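Below is one structure, written out as structure tokens, with a few remarks after it.
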Amino acid sequence: MTRASLALMRRALRNAFRRPQFLAPLVVFPTLFLAVNTGGLEATTALPGFPEVESFLDFQLASAIVQSTMLGGVSAGIAMALDIEAGFFDRLVVSPIPRTAIVMGRIGAAGVLGSLQVLWFLAIGFIFGAQMATGPGGVLVVVALGVVAAVAFGAFGVLIALRARSASTVQGIFPLVIVALFLSSAFFPIELLSWPADVIAEYNPISYLAEGLREPIAFGWDAKIILEGFVAGLAMAGIGIALAISALRGRLQAAR
Amino acid sequence: MTAELRVTWALMRRGLNEVLRVPGASIPGILAPTIFLLGLSAVFSEAAQLPGYGTTDFTQFIVPVSLLQGAGFTGAATGVNLARDIERGWFDRLLLAPAPRSVVLLGIVGSAALRCLLPVTFLLLVAFALGVPWPGVGDLVVCILLVMGFASAMACWGTVIALRFQTQQAAPLMQAVAFSAVLFTTAYAPMELLADWLQVIATINPTTLVIDAMRDGFITTMSWYDIWTAVLAIAGMMIFFGLLAVRGMRRLGR
Amino acid sequence: MPAIETIDLQREYPARRGAGLRAVDGIDLAVEPGEVYGFLGPNGAGKTTTVRMLVTLLRPTGGRATVAGFDVATEPAEVRKRIGVALQAAALDLLMTGREMLELAATLHGIAPESVVDRGGDLLERVGLSAAADRRVGTYSGGMQRRLDLAMALIHEPEVLFLDEPTTGLDPTSRLTLWDEVRRLRDEGTTVFLTTQYLEEADQLADRVGIIASGKIVAEGTPASLKAEVGAPHLDVTLVDESHRDAAREVLARFGDGRPPTSDCDLSVALPDGSAGLAPIVRALDDAGVQVATLDVKEPSLDDVFLNKTGEHLEGADAAPEPEPEPAA
């Protein structure tokens, strides 16, 4: 199980790095968005109800990480769909490897890329003056939670690819990604969201993920919020992986 | 001259096919700017409580931004479609026709100006339904013309990149510029509330003049100063990117 | 005045490292009006690069070329008015119908709107697409797309028609239909410049053939004269048992010069006396105990001409694909 998964994961990563034109947008667009959000809305930290923060950048870093890992999930899905379109998927299916490795290799690669995405945004943050409220220990927590998020979104990307089978359909879910992100507290404190975003954000696991990432960067060690982030992320990852594997089984059944 | 107009029109009509004949494919492009409008106003609506916005309705404040975003995306999409036409060899056929290359460029860019009306109309309908006040026919027409101009300028940029790289994989390069042109401005807040570094960029970025003028149209009413500075800014962008595109066309096959 | 004339035509692609690649290395051509000229060569020989220069899509880096009397580099607009081009991949918009494509092609060539519809209808009739005229091109078969492509190239009644590998990837029936159309065009007096990697196509269609290898013309003439130059037929031998190969080669060497075998046979030898020389060879092979599966006497073909000039076979020659034109810097 693990060896085949690792081999497929390495392949997925190698392909990703060989095509930087597909990899770059995963960090470039969230970075641009981070820049305009912090530069444009810096003054909002003065709003009544906005929590005490060193800078708006500290606050926004978590949203960029969530956004970037979500894009990573879409791109994992697109890569999976391209494998299906090109017939490489069928070649894997007829080879004597555990079927779950096909899914797990791709999702694992999304997790590894996720750690790099987190490090990119932390580096950008530090260069432009963000502070890590919890020091080096906090970096580890943020990277770990970022990987969990990347795995979760990767699993959903792969799930959609297995159901849709075409890369352009997977690409078409992009607006939904944006909707899911806007209906969370990723960008702004939940108390300041307007109706109905505030109500939906309350139930949106992405809110907890974002707040779990934000806590160690902008505020400090609040075990409850960080734990909630991990619970939300791990739950999404678990559900996503289970659904992806069952979608894979369904595909193989239908092919028989 | 009439023959050239006919060619331009034929190419523009062909560009519209992508929208009219594959309606499914254009839905994300039509919805995206509206989703941004709704999302941004749901998330950041409280920002308009700060002094300086001129309105307490954040939606009203960012309608012009979303309109330009829709136009920018359309312009970038035009570049992506051109890259696809180059990949498939269709563009060779256009170059083989005796029609001057400037006419071919005009057709491509003109189709972007027309196509951007789709996301723009949809977005305006949603905005008015949400209670954004009617800016008046005159100001609205000026706004739409400015938006069409911006779509043309971004389509020229998309053309430059498509001609240079000849692959759809260059799409992010086209989108990133359209994205930055619209958002590194007074998009989210009035100038005095921006971070210092963004104030510098927004002052240099000509799109700021366009957004500010359109915003006056939506919040109060456009002054002559608004109109001529915005028109000048758009014209400048169209000329700048247009010349780059013409240069790209000239250098083909070298 | 020739319909197409090139003098020392060259195209060099800038290489990222080291010396540039010379895809076309000094080609001289003179194609007379009304002639069908076949440009024959393997993949990567420089055929497409040459055509792209002649149709003004690519600038020559050396030498000069005129088409219909106009210089491709300095008077491209005049050239474009007089040529029709069907490029390798049928470049069509899959969302449009056949009729719309033809009408667009007519508009692009400045044909008056009132005659656009008639002209389009006539051409659709001519290439046998009338019934499919109002269907989207995306639903067409490969052969139909090529025929539509040809009709678009003919919309403005060009003096010179360029066909770049018009039948690559087509089924045999579609290929024959296209050949008939090319013959009809020649009969009407159109000059046709045709590139192909198929011997039979050049043999069947071309009045004159130029053979290109590694960017240079290695032979030129009518198919008959080229074949006559090579002279004698040759014998292809297939063995029952591979292990007899050396013995068989020894025997054959006594009768004529050995040649590199094609993929269809084990050994090949020139037959200076034609079929008359066959009987002694059969006896000698039998005496040597070599069991032969097939013996095939082949009349000289353009492949022999190619082999004679380059030492390689044309079909199945595994040359590198032509480089993509570099994007304008």
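We call the chains A, B and C, going by the order they appear; numbering starts again at 1 in every chain.
Assume a contact is a pair of C-beta atoms (placed from the backbone, for glycine too) under 8 Å apart; a residue touches a chain by one contact, two chains touch by 3 or more.
Computed from a prediction, not measured in an experiment: that's the story for all the values here.
Legend note: the chain whose CA centroid lies nearest the centroid of all displayed protein CA atoms is B. Of all chains, C has its CA centroid at the greatest distance from the CA centroid of chain A.
In whole angstrom, the spacing between the mean C-alpha positions of chain A and chain C is 53. Computed from the mean C-alpha positions, the centre of chain B lies at a distance of 46 Å from the centre of chain C. The geometric centre of chain A is 29 Å away from that of chain B, both derived from CA atoms.
The part of chain B that touches chain A in the complex is made up of residues 25, 28, 31-32, 35-36, 38-47, 49-50, 169-170, 172, 175-176, 179-180, 183-184, 186-189, 193-195, 197-198, 201. Interface residues of chain B, counted against chain C in their complex, comprise 3, 6-7, 10, 14, 17-18, 21-22, 88-100, 163-166, 248, 251-254. Residue ranges on chain A touching chain B, taken from their complex, read 19, 21-22, 24-25, 28-29, 32-33, 35-44, 46-47, 49, 168, 172, 174-175, 178-179, 181-183, 187-188, 192-194, 196-197.
The touching residues of chain C, when paired with chain B in their complex, are 52, 55-59, 77, 80-81, 83, 85, 87-93, 95-96, 104-105, 107-110, 113, 136, 152, 325, 327-329.
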